[in-house]
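Input: structures, listed below.
Paired with chain B in one complex and with chain C in the other, chain A is shared by the two complexes that follow.
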Partner chain A sequence: MTRLPENNRPQNNLITLQKRRQALYGWMLMAPALALLSLFAFYPTIATFFSSLFSRGTTRHPSVFAGFENYGDLFADPTFWTVASNNLIYAGVTIPVSIIFALIMALWANAHIPARSFIRSAYFTPTILPMIAAANLWLFFYTPDLGIIDRITGFFGAEPTNWLGQPETALAAVIIVTIWKEAGFFMIFYLAALQTIPPDLREAARIEGAGRWTYTRRVLLPLLMPTTIFVFVNALINSVKLIDHLFILTKGGPNNASKLILYWIWEMAFAYFDRPHAAAMTMMVLLVLGIVAIAQFRLVEKRTHYR
Partner chain B sequence: MTVQKPFIQIENVSRVFDGNNGVHDLSIDIPRGSFVVLLGPSGCGKSTTLRLIAGLETADQGRILIDDQDVTAVPPSKRGLSMVFQSYALFPHLSVAENIVFGLKVRKCDKVEMAKRLANALDVTGLEGLENRKPSELSGGQRQRVALARAIVAGHPLCLMDEPLSNLDAKLRHSVRKDIRDLQQRLGITVVYVTHDQTEAMSMADIVILMKDGRIEQAGSPADLYLKPATSFAAGFVGSPPMGLLPATILAPKLLPIGARAENLIIGIRPEDLKLQTKAPRHADNIPAQVVSTEFLGPETFVYLAIDGTDGATARLPGRVHLSPGTQVSLSWAGAAAHWFDRERGHRLSAAMPDDATQTHSVFLHNDPAIPTL
Partner chain C sequence: MNAPLQIPQSAIAKPRLQPRLRRPLHAPDFAKVLDTLGAWVLALVWIAPLLFALWAALQPSGSALALDFSAPLTFQNFIDVWNAVPWAGYFINTLILVTLILIGQLVLCTLAGFAFARFEFRGRDALFMLVLLQLFILPEVLIVENYAIVAKLGLFDTALGIGLPYMASAFGIFLLRQAFKSVPIELEEAARIEGCSWMAVLWKVYVPAAKPVYLAYALVSIATHWNNFLWPLIVTNSPDTRPLTVGLSLFGAPETGVDISVISAATIMTILPLLVGFLIFQRQFIQAFLRAGIR
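Now for the complex of A and B:
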């Protein structure tokens, strides 16, 4: 302030000072979130990316820069393709099926039926259970010959089946557990959304001649769209991150038939101590999820303009 | 309203809910092309009656006929009616135009016909230019008009309205009241209109049906209800400020109808029929009262009065009246202005008055220049 040129208006400087103060204020507001995100998201991402570029170091051969060699190794590994396609099937089935179940259950639990609160809590129970506990429960259900599923199929004369132990059924068995676990959770969101829809709308639609199906399709589903997108994002995240039950049920087997990406990454990193390859795989997952997230936000902005 | 069959016939309909509300043994005839208002306090069964006509509720017993057809068990969409909800019930995700033609689309109406009807409905309700807005982008009055447009677009001969003005501000309410009435007459449709606001009922209705506790208290033209209330409830509900209802025991015996016992009687006097004197001598025919407060409204002043042994009364005087609280006044009225009701059951008594009961206060009425009369 002391070395102002003669002609400069002091007002201008006041404005810049004001702007700087505003900027400082903004940074201060940002600081807590920025610090936490840096610590737990940005730094780990960058560190992972770096370690994915170096070879695996041993005492004899210290790790060296390897470029994208680790990525090439992964693509050359047939397990990569098995795991990736497993996860695609897993996501492709669990996401839509659990959403549809959640919606149907919510519509059912929202209707005027006897024992409504009992039904609601019954549907919600799987959500309260830890995934590990749920997986142990289902382990009993799937037990060949003794489990409840084989008891029922056996009653109709079917042979005992090792649901978790054979490549043809292992992934399907895992998928069913996930749907059972997730649908009740998503139902709660649908139920909450349904309760914000005024009953007048249904009556107005009835008077205008809309039947149950028309009302659901033309009024209810569009109004539930924001919830559906929220639930969809959650289901998508879960289809990548929810692997707890694999540890109990199949450990990814048999012959990688039920192995999902995150389980595979865990295996590489902490069972085979192959950090660089695990890091490379993690980077690819992050990349794909990032692209999906961007696409989703675009879609959300376009499709849900409501209230 | 000659020998023509009524458009809507409700015959001995009952609909009872768990919590006592509902309607009991209700019978109503509604003539074609009339504007009928169901009036009453909350919980009186007026909305239930409307929903029974709409088919949103089913009658426990009795029959409902619309246009000579028994519709008691017919679903709402097949009854040939439309409805305006208190909340308007507009679909928030649809534009104004889509909201209006929702019913036509559901009924698979022809595209050209639909466009024509939409244009007409928009024109009638003055909504042109707002077709593509969402309900959230409209003002309260505009939303109300969208609800009206949706109700008239299908051209149903019957339109039901459930307190459609209660979400509007007072000024708008007044103009929309007139608009709805005009619309009804232009289209020649029958309107059944539910409200708890007696001003709406008086200003719009051909026929007012006053309800209480699920039963009809009185049905008739607004003038009937005002001039000849059938019960003390009707007398107290219709008119603002309400009619003063006083136990007849405070009256001089010679003012009572012939052969009536004062303990069994209630006398009702409209606020505009009450005359006040401050300087009048204590007269046996006058009721002594005390001014509680006054309310100046411009063209008139309401004077709230406390009368010993009663809930008090209100007088309505023209212009501006200066009466400080606590002022002692004496009340009088023209004999014909009195309404007599049975104290127990509340029904109206057509009183035979003794000859000399016609009060002749005119002498000292004019002696009190402080208080003008209506």
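Now for the complex of A and C:
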């Protein structure tokens, strides 16, 4: 702050006073939200880290400091590698496929097509259903022999398949439900972005002799890039978060074939009461999410002109 | 609020300045036919699970999988579900939970959003980054420690215990901060000159100006918490607090041997209120998600 001449001091004091009052009010307004955020986000993050460093206490052996032993246990556990690779496959398939579906849906929902609003609603409806309900709806498709899928394949003479009960297809069945659930949600963001693109661009491209595919690839996709990044980050977070349907469809089975990380954390903590290992696993998830967060903040900073 | 979805119609309706060069005007437009067909097929595939469930719920128990489309429809499954589980209780629990969370979020996020938007103080920006970080540190991931905290607070198996971790929503704070920032400062100054206190300025100037954002946020919050499952599953233990989703999961698990028609009926009953709300307020709903998603 620039130094003010001596005779201006009273006013200067007034300004400091007002600044102090602003700060005080600011903190007071923030206090309730801050208290809850600390209690349910910041403190538990630290607490999770601490419990991940201690061994599991029993009545005979109280919990002792174990360093990174819990992490070592996880790495030595084949289940960890199965679950981690399942989640990688889950993310690796649901993210791109949902994005592609979302883009196609948005292009169609934005085109001049009869009953466009019905089509848009049909794409969007799964978004507002609970994951548990979505899983129940899909049971009807996956039930071996009697389910819709087996009816259809059976019509062509295929053997009935236990889609949810065999390791080869369980994860795929879970992935399909996730894509069905989230594609319509992502469509909305593309739809919003598409509507900001002036139609003259398309006309211009046509005059230049660019076909539809060229227009999509060279004009539309680059313009939609910021939306794609946003949707990508959301899909990435969803690939950690969306696990509710496992409770209905597979319970992570058979033989861990469809088990995902968050479900495993739940299982360790609340079915086997093994909090330290659950905490260690949670820490690793937080680490990955933190890296994603920082990467996104960096990206957003670079693109501030776009906001 | 409806502006973005309506822009293209008017924009496209402009007269074309250039004639179409690639095909004659009156030839059948194959690309368009294909588009329409594709869009329709995908739409039907996308709602098929819902339609099948609706149809199955209306079939006599045990015969849904027979796929006999001439069978008479019945509401018996809904009656059976209603009698088998305390459905009305679950319904009321969900209603209480969703309301509680929404009120908490609106109050806390309004205050914090206002502080971030209009108050200058040291550490504000660093604090805001911390809040944004919570967009990534999901409450879902912290279930282990949050459960311990809720238990310590004596809130296990209470609506408050389910709701409390969600009330200081980073997302809500962020949305309202953006909304408040876009309010012209002159409005605030005018109110201040008339002698309004900070709280009165917030209540009379900022909150009314951010109405569409409030509506959007409320719709997203209701849909999110109506559907939330994992955390309520962990912190509830009795029919007195259990929300619909947890009730449905206990009821619908296939190994309980419950018939698919009955499961479908229970599922339809769970989603119907939100579904009907969505169909009525479709445009607002989609707008709400749009607004909520643009960070």
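Basically, the second predicted complex is superposed on the first by the 255 of 307 C-alpha atoms of A that agree within 3 Å, B and C clash if a C-alpha of one lies under 4 Å from a C-alpha of the other, contacts with A are read in each partner's own complex, and residues count from 1 in each chain.
In the analysis below, a residue touches a chain if its C-beta (ideal position, glycine included) is under 8 Å from a C-beta of that chain, and two chains touch if they have at least 3 such contacts.
Every value quoted in this text rests on a predicted model; they were computed, and no experiment measured them.
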{"item": "First (chain B), second (chain C), both or neither touched by A:Leu299", "value": "neither"}
{"item": "Touched partner set for A:Val219, first chain B, second chain C, both or neither", "value": "first"}
{"item": "Contacts of A:Ala205 with chain B and chain C, given as first, second, both or neither", "value": "first"}
{"item": "Chain B versus chain C as contact partner of A:Ile15, first or second or both or neither", "value": "neither"}
{"item": "Which of chain B and chain C A:Phe140 touches, first, second, both or neither", "value": "second"}
{"item": "Contact breadth on chain A, by residue count: chain C or chain B", "value": "C"}
{"item": "First (chain B), second (chain C), both or neither touched by A:Phe124", "value": "second"}
{"item": "Touching both chain C and chain B, counted on chain A across the two superposed complexes", "value": "198, 203, 206-207, 209"}
{"item": "Partner chain C, residues of chain A touching it in the complex", "value": "19, 22-23, 25-27, 29-30, 32-37, 39-45, 47-48, 51, 104-105, 108-115, 117-134, 136-141, 143, 146-148, 151, 180, 184-185, 188-189, 191-192, 194-196, 198-199, 203, 206-207, 209, 212, 230, 234, 237, 240-241, 243-244, 247-248, 262, 265-266, 269-270, 275, 278-279, 282, 285-286, 289-290, 292-293, 297"}
{"item": "For the chain A and chain B complex, residues of the former touching the latter", "value": "198, 200-201, 203-210, 214, 218-219, 222-223, 225, 305-307"}
{"item": "Chain C to chain A touching residues, read off their complex", "value": "4-5, 7-8, 11-12, 14, 16-18, 20-22, 31-32, 35-36, 38-40, 42-44, 46-47, 49-50, 52-53, 56, 64-65, 67, 107-109, 111-112, 114-116, 119-122, 124, 127, 129-149, 164-165, 167-168, 170, 173, 198, 223, 226-230, 233-234, 244-245, 248-249, 252-254, 260, 263-264, 266-267, 270-271, 274-275, 278-279, 282, 285-286, 289-290, 293-295"}
{"item": "Residues of chain B touching chain A in the complex", "value": "54-56, 75-77, 81-83, 85-87, 89, 91-93, 102-103, 106-107, 134, 136, 150, 154"}
